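The following pair of complexes shares a single chain, chain A, combined with chain B in the former and chain C in the latter.
Presenting the complex of A and B:
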């Protein structure tokens, strides 16, 4: 059975490849194919075909290595997983139809052949999906780390004054980092005034407000003052609607005003040099 | 006439997705920046309450058009523990989780119409509407 199939595929290789590609492009969401440059689609799908054939012929040796590097390539080229899975399914389909069409197999044994073909495809599809999953996990954890680093930096801008610019959504994890970095930074930089800039925070709901209030109170306990800067007009409105009391906070609309005020609070000011 | 879209709330990032949905619809309907901020903040409060107190639920956004008046309705649904005393949770500062307790009363002030339907053991259905002026 095995040999019959491989022999048939080798004899009709070009035809099968053409049929298979036609099938693959015909009822796949055009958007998926369109995002790939044509020559890349062509060459990867030929390679795809090669790999499948290699598996059919040559059981273990080269196969594992080639399959791994192929999955890797497919994933990095950004072939959607749905397309890959479909490619495998269509391969089984195309070969089987072709076998029947040429009368290479008996009608009543069609089911056996289908089952055999399916068995060949399973490890390929497992390997590729596994590679996808691993790549995703790696990407996500790298991005998580990158985000954490960017998450809540405390920058000592000048003696006694530090700034924490917050950009993006604040979730529980990030709120924890804000608090940690604020307290560590205030102590190690000997800051007297910390400006928390919320210009880049899209939504200030009661949770965000609560975390900021708690952070400010904690900063107060270590002997520094907290200033809230960058409150956009629409955010100021929603904060009032929510009934949140920011009276305990010194607030300014812009960073520039905030820095001027912070200088004043630490007994300094910016003067222009006479020229 | 109404068209509805929903986000199921299971984790913190679903709250962000619900907000994004609300902001997009609000923009499409022509709400200004201040109302967009009010709507997204209200969604954030209700979605977070689902996440915190019910564990899971749905947040849906309706586009309303009644007698030529356009509006956006937020519907927050869950089958969580429910709210035993609705009057109490509508008081500023009431919280069972050590929060600010400003969420529900805040949502009422952020939006034009507000309604809670909740039975202990059955879940909570909160609806809040903002009309386009």
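Presenting the complex of A and C:
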């Protein structure tokens, strides 16, 4: 059976390739095909065909290497995974239809052939999907790292005064990072007052407030004062509506007022130069 | 080994230099209260810069000592709480809300002098 199929495919390769490509282009969203330059699509499709043939011919080592480089290539080219999987499925269909059409297989044994073809295709699609998944996972973890680096910087703006601007949503992991950076920074910069700026935090719910309150209490423990600045009107409304108690904290609407207050607390003020 | 308690004018200075075990902590509590009684100290500074971690029992003893000292008329400032210790305390739910804290011994003494009004 193997040999029969391989021989058939090799004999009718050009026809099959044409049929397969037609099938693929007609069914797929035109936009996906459009974004790919034609010659790349052609060459990659041919390569795809080669790999399938190699697999059928059972040249194990060569096939594995080729498959690996092929899946790397499609991932790099940014082919949608749906298209690749579809290509595999269409291949089985095309070959099977073609086999029947040329009468190379008996009608009764059609099911067997289909099963066999399917068996060949499964490892290929597995490999390709796995490569895709690995690439995605890698991207996600890289982005996570990048996000963490941006996450919570503590800026010593003046002697004894530091500012931590928070931008974006705060989840539990980020809150932990915020707290650690905050405390380490306070101790190493010897800050008396720390301003946490939440202008860039889109939503303050009970959980976010809880994290901020915890951070502020921890700051109190290490011996500094914590101020919450950048409270926008809608944030003030949510905080009160949710019944979050921020009475113990000094809060101001803008960073400017916060800095002035912090200077006052450390016994200084900004004066304009005369003349 | 007992924790030394030093007297400076009308303040008591305690610097805890090693991790406390339960027994030492309790002894420290007794010693400190005794010294406050003997010296009529008005302020106490406890410096825990060298402590890197703390368990719930020690934290509780520390909180108790502060409340007891306050009952005896001495104001307490805790100085040099390490970030990791602060996080542990918060996670244990020990807030030390009305306790004075300072970054280091120097600032702690300053704060205490201010509080005592001289």
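Assume the second predicted complex is superposed on the first by the 249 of 275 C-alpha atoms of A that agree within 3 Å, B and C clash if a C-alpha of one lies under 4 Å from a C-alpha of the other, contacts with A are read in each partner's own complex, and residues count from 1 in each chain.
Everything that follows uses one rule, which is that contacts are C-beta pairs under 8 Å (C-beta built on N, C-alpha and C of every residue); 3 or more make two chains touch, one makes a residue touch a chain.
Since we're looking at a predicted model, the values are computed, not measured.
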| item | value |
| --- | --- |
| Simultaneous placement of chain C and chain B on chain A, clash or fit | fit |
| Which superposed partner A:233 touches (first chain B, second chain C, both, neither) | first |
| A:159 touches, of chain B and chain C: first, second, both or neither? | neither |
| Partner chain(s) touched by A:112 [first = chain B, second = chain C, both, neither] | neither |
| First (chain B), second (chain C), both or neither touched by A:243 | first |
| Chain B versus chain C as contact partner of A:264, first or second or both or neither | neither |
| Chain B versus chain C as contact partner of A:210, first or second or both or neither | first |
| Included angle at chain A between vectors to chain C and chain B, based on C-alpha centres and rounded to the nearest 10 degrees | 70 |
| After superposition on chain A, the shortest CA separation from chain B to chain C (Å) | 9 |
| In the complex with chain A, residue positions of chain B that touch it | 12-13, 16, 19, 33-34, 36-38, 40-41, 44-45, 48, 92, 99-100, 102-103, 105-106, 109-110 |
| Complex contacts: residues of chain A adjacent to chain C | 179-180, 183-184, 186-187, 190, 192, 214, 217-224, 248 |
| In the complex, chain A residues that touch chain B | 169, 171-172, 202-207, 209-210, 213, 233-235, 237-238, 241-244 |
| Sites on chain C touched by chain A in the complex | 78-83, 85-87, 89-90, 95-97, 101-104, 107-108 |
